[in-house]
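Following: one structure in structure tokens, then a few remarks.
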Amino acid sequence: MSDVYLAGVGMIPFRVHKERILVDMAGEAAALALQDSGIDPGRVDMGFFASATTAVLYKDVTVGQNVYWQLGINRIPIFNVENACTSGSTGIYLACNAIAAGQAEVAMVVGGEKMCVPEMGLLNSGATELDTQLGLVTPASFAMRAARHMAEFGTTLEQMAAVAVKNRRHAALNPMAQFSKPISAEDVLASPPIADPLTRLQCCPIADGAAAVVLCSSRVAKETAGALRVRAWAYCTGDYQNPQDMARWGTDYRTCAKAYELAGLKPGDLDLVECHDAFTIAEILHYEALGLCEPGQGGRLAAEGQTALGGPIPVNPSGGLLSRGHPPGATGLAQVWELAVQLRHQAGPRQVPGASVGLAHCMGGDKDGDSKSCTVIILTN
Amino acid sequence: MQADRDQQCQPVVPGIFRASSGGQGLELVGGHCPACHRYYFPRPPRCPYCLGQVEEQGLGATGTLYTYTVVRVRPPYGLPSPYALGYVDLDGNGLRVLGLLAPESLDKLEIGMRLRLAVGQLGCDVGGAPCLRPYFEPAPPHPSQGMQPDV
Amino acid sequence: MSDVYLAGVGMIPFRVHKERILVDMAGEAAALALQDSGIDPGRVDMGFFASATTAVLYKDVTVGQNVYWQLGINRIPIFNVENACTSGSTGIYLACNAIAAGQAEVAMVVGGEKMCVPEMGLLNSGATELDTQLGLVTPASFAMRAARHMAEFGTTLEQMAAVAVKNRRHAALNPMAQFSKPISAEDVLASPPIADPLTRLQCCPIADGAAAVVLCSSRVAKETAGALRVRAWAYCTGDYQNPQDMARWGTDYRTCAKAYELAGLKPGDLDLVECHDAFTIAEILHYEALGLCEPGQGGRLAAEGQTALGGPIPVNPSGGLLSRGHPPGATGLAQVWELAVQLRHQAGPRQVPGASVGLAHCMGGDKDGDSKSCTVIILTN
Amino acid sequence: MQADRDQQCQPVVPGIFRASSGGQGLELVGGHCPACHRYYFPRPPRCPYCLGQVEEQGLGATGTLYTYTVVRVRPPYGLPSPYALGYVDLDGNGLRVLGLLAPESLDKLEIGMRLRLAVGQLGCDVGGAPCLRPYFEPAPPHPSQGMQPDV
């Protein structure tokens, strides 16, 4: 097994990109990642393309080949992967596997969505699923987790709001964030209700956008300035046991534990985390699964500012999905983009001082009260 | 009249509830694996634990509300706005299932409350035709249960 | 690198399965493959699910997790892959990579489609592609290859018809084939025109269906009766050079050459081939790329019966896509199913005597006059 | 009248052909990379060989038919039934491009024949509105070409 390195990252700001097509956005992000890595496109010997909505919205297939050929990358194996909100990070998992095995020296992952279109409704767990047909939309899943967490642990609306306030405060320091105007807890709780107790400012918006990473072997990394070590890549699907404990998310705990084990690290070793704050309650649940606090104490952790920049374990210094917007194919890659910038100490006013260990965490898909996928990636400089 | 209209509607998904004539004996219908003694809702094509055949199994009509939400964005499938969803711990089989909650119960919802199954025209199917969906409505406390919500 | 073995195969007949849903069909195929392998589902440590049309037709995502959980397979990494007509064989490629690397001891690939629905039009290269909007449908691509092949090499309508006649004759011996009534060259040429010179009986029909394979390491193979060695798995994307030579398909030649090189075998070593006869002309082109004859001689090869059962190199003893129907996610797996049955000498009246080396060949996607993917898998007993 | 109607139609994809007023100077429009001296149709967002900017580039209006087919199944996008497609070797830039062939030329098609670009209302766009598509129609032999088709 070779060690795996992150050689370059690229992304375009996530926004409503009304005039751009997906292949062009993804091509730009990929070109930026290659440029950042200093690696010639001709050396890429495996490519992954991640998108969750492209086939559904555009009836388009094998989009990855179109994206890579924009960069002159042809002939090599290219894989189109879909894994709901973890589509991008699942691509990273496969690329890391290929490099660890020596099946690729340089592998790329590109992901993106063009989803800000009228046909796009709320995300759900698949149109033919019974849950979907009974009216389950993704915000409702998390709202029900929130209600249970409040009932079991006394988590408060103000604690949840604190997550949104913190992430927006971080976003004000991040030119790549889509939403960067500071907000108060009052703003959060007074924003339009989505699914009780979640209000609009507690739910990440969708976005158009693309991001890309270049991964490489230790041999190639030696020639590459600023390459970071990928210390762990973990991916677990759900266990779907019935009943699910919706206040203690087994799949989340299991994946985090696996990543720590693979990296030989523990929660206290982390300098920063980018986690899947698709909803405020999600970030609170992830604190607990990541072992940043005891089960049930996630709300308190946020409210006390411990996960804010300047606190002991900054979470989502980028502003997170709540500020960036969430194009599922690109989200997992954008999280790694932020880790790279932080671990290279190029994050400017939002820099976590001396950051040397970062973790990116992503979850996606809803099934039987569980998640269909959870990924955790740990980087060190 | 409600009943008349209901009879012309089809269930949103076939086979997930049943009732004898007049609405008596209404219950959710799922599956049971005779080899593994496990219950399922909905009934899967095969048992995940033994790959064997799963028998059709009535799952009763009562349970306790584990968690819930009131959805206030534009509803899918022509559901009322707002509408409520919850996970319900069914009596007698240990299953925690997703269900719609009665539209008229939105301000009475409380974790731990007792619920009883109902079926009515609620929203439309994928094609836009009105259809029957199962939902849970508030029920009197379980005889064997104290007054404390199960939290 | 561990050697890779095929431990089990499963498929349901490809048909119009009006009353069945995809997850159920795929689950049955997967259960059959597990049963065939004798391996407990609990030992599967990586799963791939392949489908080309499910997201487009049903707006369904992360379907693989639903399929695998039917078999009680949970928690493990599951990947949803799409690669047009090579979706299934691309899953095999990734699964072989994982086993070769020791990242999985047992990996499964399940693929399927439920595409016999009114919304399904002709396959094309993606709705947003310019080619598609200029009216390019998949049969037209192959019809234009046929016209050029006829002009350059003198290939005849009768030679193309011979492919359809042969494959249908093979299908008559295969209970899994969808169409098994013998046809004559006259029938083929008199069938309704699709895209000149291709008639309906020269074009594979779509189908509903599912198939699955279980792959494993050499360690696990030792406990598994009837395991076959996977000697090569090759996957190339197109080169998209302009101009493309449409009578000599560079991407096809390149992938076949790579597979022979990886296996250390040459065309003369093959006992049988299952190739992507989506159209009669395609099989002729593949003969040439596979080196079964000189470039331009594929029509003659078919007409002389050299690729028929009883000939020196039987191609598509199953009856091929032309007789089986083509659900893209399952096709590459169904080809491997046939190789397994043949290499275990269980093919009954269509058995290739003493078969010990088999090759499965698949192509998919259309871009700039090239293919977006070509896969070749070589098995030995 | 045809011209009037055409003016109300939009091209199926913007920017793939152009004409000066009155249809003079009609040509395909693609791209050219000044660094790599390569031509493209359609114009890509960036050059695959150097990742640089690709300039808009007229690609002329004439070429030779490399191969073709007449599609006789139900056509997509409201195209005529049957309709013809071909790959055309463009003069002057070496590109082989996919194009529709003139509906009235279906029985005159021959590999190696000379073609000239035309534009007209042919089929509809994704939304079902009639739109303009470029197509190739038979043209007199190339002055520098003998009588043999290039096969």
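By written order: A, B, C and D. Residues from 1 in each chain.
Just so it is clear, contacts are C-beta pairs under 8 Å (C-beta built on N, C-alpha and C of every residue); 3 or more make two chains touch, one makes a residue touch a chain.
Keep in mind that this is a model prediction, so the values were computed, not measured.
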Both-way neighbours, i.e. chains that touch subunit D and touch subunit C = A
Message = Tell me the fewest steps from subunit B to subunit D, where a step is a jump to a chain it touches.
response = 2
Message = Tell me which has more C-beta contacts between its two chains, A-B or B-C.
response = A-B
Ask   = Between subunit A and subunit C, what is the separation of their C-alpha centroids in Å?
value = 35
Note = Here the gap between subunit A and subunit B, centre to centre from mean Cα coordinates and rounded to Å, is 34
Message = Taking the mean of the C-alpha atoms as each chain's centre, how many Å separate subunit A from subunit D?
response = 43
Request  = Could you tell me which residues belong to subunit B and also touch two or more other chains?
outcome  = 48
Ask   = Can you list the residues of subunit C that touch 2 or more other chains?
value = 69, 74, 127, 240
Key: Chain contact graph, described as a line, ring, star, complete graph or other shape   = other
Request  = Just spell out which pairs of chains touch, all of them.
outcome  = A-B, A-C, A-D, B-C, C-D
Remark   = Listed in rising order, the residues of subunit A that touch subunit B in the complex are 121-122, 124, 127, 130-137, 139-140, 143-148, 151-152, 192-198, 240, 242-244, 246, 369
Message = Under the stated contact criterion, what part of subunit A meets subunit C in this complex?
response = 1, 21, 52, 55-56, 58-63, 65-66, 68-69, 74-84, 90, 93-94, 97-98, 100-103, 125-129, 235-240, 251, 254, 364-365, 367, 372-373
Remark   = As the complex stands, subunit B meets subunit A at residues 12-13, 16, 40, 42, 48, 66-73, 75-77, 79, 83, 85-87, 89, 94-96, 98-100, 111, 123, 125-126, 133, 151
Remark   = Per the touch rule above, subunit C residues touching subunit B in the complex are 23-24, 27-28, 31, 34, 41, 69-74
Message = Going by the contact rule set out above, which residues of subunit D touch subunit A in the complex?
response = 44-51
